[in-house]
Amino acid sequence: MTVRAEAIAVENLHKRFGPLEVLKGVSLTAHEGDVIAIIGGSGSGKSTFLRCINMLELPSAGTVTIHGETIAMKKDGHGGMMPADRKQVQRIRSRLGMVFQNFNLWQHMTILQNVIEAPVHVLGVPKAEAVERAEALLRRVGLYEKRDAFPAFLSGGQQQRAAIARALAVQPHVMLFDEPTSALDPELVGEVLTVIGDLAKEKRTMILVTHEMKFARNVANHIVFLANGVIEEQGPPEEIFGAPKSERLKKFISSIH
Amino acid sequence: MTVRAEAIAVENLHKRFGPLEVLKGVSLTAHEGDVIAIIGGSGSGKSTFLRCINMLELPSAGTVTIHGETIAMKKDGHGGMMPADRKQVQRIRSRLGMVFQNFNLWQHMTILQNVIEAPVHVLGVPKAEAVERAEALLRRVGLYEKRDAFPAFLSGGQQQRAAIARALAVQPHVMLFDEPTSALDPELVGEVLTVIGDLAKEKRTMILVTHEMKFARNVANHIVFLANGVIEEQGPPEEIFGAPKSERLKKFISSIH
Amino acid sequence: EQLKVGFAAEPYPPFAAPDASGNWEGWEVDFMKALCAEAKLDCVITPVAWDGIIPALTTKKIDMIIGSMSITAERLKTIDFSDKYYNTPTGIIGPKGEDFDATPEKLAGKTIGVQVATVHQAYANKYFGEAGATIKEYQTQDEANNDLAAGRLDAVQADAIALGAFLDSDQGKDCCELKGNVKDDPDILGAGVGVGLRQGETELKEKINAAIKAIRSNGTYDEFSKKYFDFDIYGG
Amino acid sequence: MSDDNTIGAMALTELPDRKGFLKPHRIILMAIAAVLVFCAAWFMRWDWLPEYGWRLAQGVGVTLLMLFSTCILGFLFAVPLGLVQVTGPWPLKMLARGFCTIIRGTPLLLQLWLLYYGLGSLFPQFPAIRQSFLWPYLREAWPYGVAALTMSFAAYEGEVMRGAFAGVPAGELEAGRAYGMSRWTVFRRIWLPRAIHRALPTLNGETVLQLKATPLVATITVIDVYAVVSKIRQMTYLTYEPLLLLALIYLCLTAILVVAFRALENKIPTRGA
Amino acid sequence: MAADTASLINWSLLALEPPGWGGVLLAGLLNSIKIAIGGYSLGLILGTGGAFGKLYGGPVLKDLLEVYTTLVRAVPELVLILLLYYAGTDLLNQLMTAIGYGPVDISGLAAGIFVIGIVQGAYSTEVLRGAIKAVPAGQIEAARAFGMSPGQIMRRVTLPAMLPHAIPGLSNLWLISTKDTALLAVVGFSELTLVTRQAAGSTKAYLLFFCAAGALYLALTLVSNVIIRLIEARARRGMAAPA
């Protein structure tokens, strides 16, 4: 397992919101091709952890290393930390593809424009090339026909697939998913999970927060159970779901079904 | 059964909306103390029938008799009919208590004001007396504490109970209910049905359109099954639910469960 | 350097009013042209709302005022004036057939229109207002005249020449007549009309005084005045 | 166009809330403001104030009289204007819509002058009018001011009432009919109060806008507070002081209006928002 | 007096060539439009800055902007125009003198644009602030997650995304700015209303000229409405039809 390069390494991450310490020292390493699923109860800090990775939330302590490059942090004067170099953060962010629970597609752009936006305006890819790649991606997620529609006119499942295409368009080192299906009507969940499952088969590095246990089990090669701001237990899916050790995890798994 | 006086008699009611004939000759008699439940598929004309009784929709043909008084109709010149005497309609309406699917409480009045509005401004009851009666009614539906609240601050179930109190306040000969629970969250349905069930026990004359079959069965002494604008079948609940005769009714009942 | 000459934006015939092509014309326009030519100044007409014309001068939006502005002690506290360039009596007009004259006793109880921020306003308030007349103030002389014709006023007090022009017009001919000139009060009505200037600009003031003297003596003044008046407007 | 949410942006309809108002930087800002006010009081000329105080008060009275009379009158017209546009027969509907469009499409100042100088100068040409009992009023300026401001308020508020009437849920009106109310009772007891309630926040903004429109009547010789201040400016030749005082007066009047409306709105609470 | 009634419909007074006053009116209208466009644009710039300042600025900036918008929205335009017209140009001149330049010449047009712009700036601050607040936070977060810089986020996401929400308010502002130009008549600026008054005063055909000016303003409004509707249809393409 160690021959593969490290894609992401998070060291001893802490995050507090005022008096509330949400993450109390979380460390996690993802190698190239890893698919890591983060599970845990509501409010356990899963989203916060994911958002700390690309600095949408600023960690209170700890380091994040993406592809060997550690995000430089400095004290912000209020007892917290802030990025030392904003340019570095922007560069690193552009190499992480994030998919949100609420899709967050830009409503004033067509689907195609959504997908080419970051390649063209952040990475500086020539427009023609970006369009070509975007069309290939849209075909892949089954939205080629809808490329000129505006997001508001698509179903939730279609919007989420467009959001995945948008994230893939920056050719990210790592894809981050925050509960990509929990805002969808039950009948639309399947189409999105299929797309994500296909990505996993291609050995794309992914970290995903999900409530879909069956899906996590099938798709991930590593499961992380977060509880109370720490990693309570982690391991391959068979162990976590088949032979959970900690009481908390046992309770969590039984509560799901 | 015939010793009781006739509360409502509808004769051969027709109603068309443009080219669409929604009611194709419906006759129904309710005696004092009857609780009649009207069931039927969506679009079968249940609401239209109920609304024709108090002339919220004008019937295209047929007569409506309330407590022996037939609403006088005349031709309106467009091939339809209209009430010959608007005052008569207003008088008769004020003796029918209608409860709507969406409650339709007046949002700019408190609950108490909603309840005394019609007695004071239509029937001319002195205000003090109306308030006294209204408070008794509100106590009965369990809303006495909320009497000075505005409708927007109540739950759906509370609003519907207030609407029932409002309808009772005019001391109606007949209560008309149009799907009183279908706009409510499932957990709120019970409280409203309890109130209606209590009214039924007091032998108050009621006609109610409902989708709650179990409730209809328990509460009504007569079930009317409307399909395609005609009464396909009617009878006591045991017969209708226990031994439906027509194919349509059989299919309808099986589709419900 | 261009000098901006403030004119009241409201028409004040026959002294200054814009015509249909937007050009300003009238006696004061001719006077300004002669004056600036004589003093070798490059002048442009800048219309300014009359009731804000003094602030406009002090805040340097304009450099002088040629607006039939009488030289009064009150104004001299704020601005400076050149020597007078014309002087005429103050008259009162009223509807034909009504019997009154320009005395406070006869005007008591009547409504008198004046242009705002003029010596006439101050005079009317002091002499007629105190005697029981109602003084109504207008942004422009023209509107006061118009309201007199429209029957909303009983009398209008203003410069006799401006009133004369109105009485000669179609509108004024039918309705109104001169009721007389008011008793003079130099403290309020001032010692004639002068060019308004900022205080302390003595150089400009001297130039203008010299120019006024020059056009008076070389006949230019009389020449353009003839076009408008058949008497000597410079006054005694 | 959605006027309702725009009016909040046009006219001040909210005042800063009191809780959490005092923060360190605010204290410094307020100190600076105090110094500015002190400088204004000290270095500018205010000696004329006592002399004109009474006239200013009268001017404020006239301004408020103008405001309230035209708002009330205008509102009375606005109700039928709005109603007709929702339910009226088409000729009336077109008429009402045309009226609103024309008034809203032209400057109030122009309307005012059109009435006073234009229409007003026609009247005396008809002896019948000149001899009628109306003539003493038609001679005055204020009826024209009231007329113009009323029409303006009616047109803007008529548009608002149209939206408010149309927005009352049909079910509530139907409930009224179902209880035997006559059409008039439904209108009087349900439709109108409900529409007014809906329009109240907008009404607040419109009233503030109307207050800000009142000084225009000074241009047709009505002596409101603006006219008094203009007069002070001419008598004293001061450029800034009277105008600053005038701004302050309007600021206070606006604040009073906003507070009053807030109290009115709170009588019938609405949920959310 | 009969002559006056006849002059009511003396259409030749409106002829474009002198002695008709039509040309003067049109020139006035052109001036009005220039000021309206200038003032509106200046207001938009101020408003954009103001809105971002109010939303994302420091506490002091926020409070100062609050004072600005409160004052402007509570005081009549007529008073503001007088204050700004005198004080604004006075201050500018003093400033220029203080830093060594002589007093600058401020044309009536520039002063008019400045005054209308300041007033409009306060209104558009509020309109734009509301519109920006209506942009879902997630859309901006998504832009950050893709590594856009703050400037890019504003240009590429925030501004275009808020446009549909801002357009009704901004169109109203435009209509207000065309009508507010009439107030500059009180400072003697020859826009449409003042030249109308001059024309009416000179010819005594008050009714005719005021009606003519009214028609011009109305035409301006109606034409604007058509254009606004086109713009709105375009800007709202991405919005689902209201339910």
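First chain written, first letter: the chains are A, B, C, D and E, and each begins at residue 1.
Here is the rule we go by: a contact is a pair of C-beta atoms (placed from the backbone, for glycine too) under 8 Å apart; a residue touches a chain by one contact, two chains touch by 3 or more.
If you want to know which protein each chain is, UniProt gives these names: A, B = ABC transporter ATP-binding protein; D = ABC transporter permease subunit; E = ABC transporter permease.
In this text, all values refer to a predicted model and were calculated from it rather than measured experimentally.
Common neighbours of chain B and chain C under the contact definition above: D.
The fewest steps needed to get from chain C to chain D, moving only between touching chains, is 1. Ranked by separation of Cα centres from chain E (ABC transporter permease), the top chain is B.
Look at the CA centroids: the one farthest from the centroid of chain A belongs to C. Spacing of chain C relative to chain E (ABC transporter permease), judged by their CA centroids, is 36 angstrom. The distance from the centre of chain A to the centre of chain D, each centre being the mean of the chain's C-alpha atoms, comes to 55 Å. Centre-to-centre, using mean CA coordinates, chain D is 21 Å away from chain E (ABC transporter permease).
Averaging C-alpha coordinates per chain places the centre of chain A 47 Å away from that of chain E (ABC transporter permease). Residues of chain B found to touch two or more other chains are absent.
Looking at chain C, one finds that residues 52, 55, 59, 143, 146 touch two or more other chains.
Chain contacts: chain D has residues 117, 121, 219, 239 touching two or more partner chains. Touching pairs of chains, sorted by label, consist of A-E, B-D, C-D, C-E, D-E.
Against chain E (ABC transporter permease), in their complex, chain A makes its touches with residues 54, 56, 86, 89-96, 98, 100, 102-110, 117-118, 121-122, 150-153, 170. Considering their complex, residues 169, 171-172, 174-182, 185, 189-190, 193-194, 197, 268-271 of chain D touch chain B.
Every residue of chain D that touches chain E (ABC transporter permease) in the complex is listed here, in rising order: 1-3, 5-6, 8-12, 16, 23, 25-26, 29, 101-102, 104-111, 113-114, 117-119, 121-122, 125, 208, 211-216, 219, 226, 239-240, 243-244, 246-247, 250-251, 254-255. Residues of chain D touching chain C in their complex: 117, 120-121, 123-124, 130, 135, 139-141, 219, 221, 227, 230-231, 233-234, 237, 239. Contact residues of chain E (ABC transporter permease) toward chain A in the complex are 136, 138-139, 141-149, 152, 156-157, 160-161, 163-164, 237-240.
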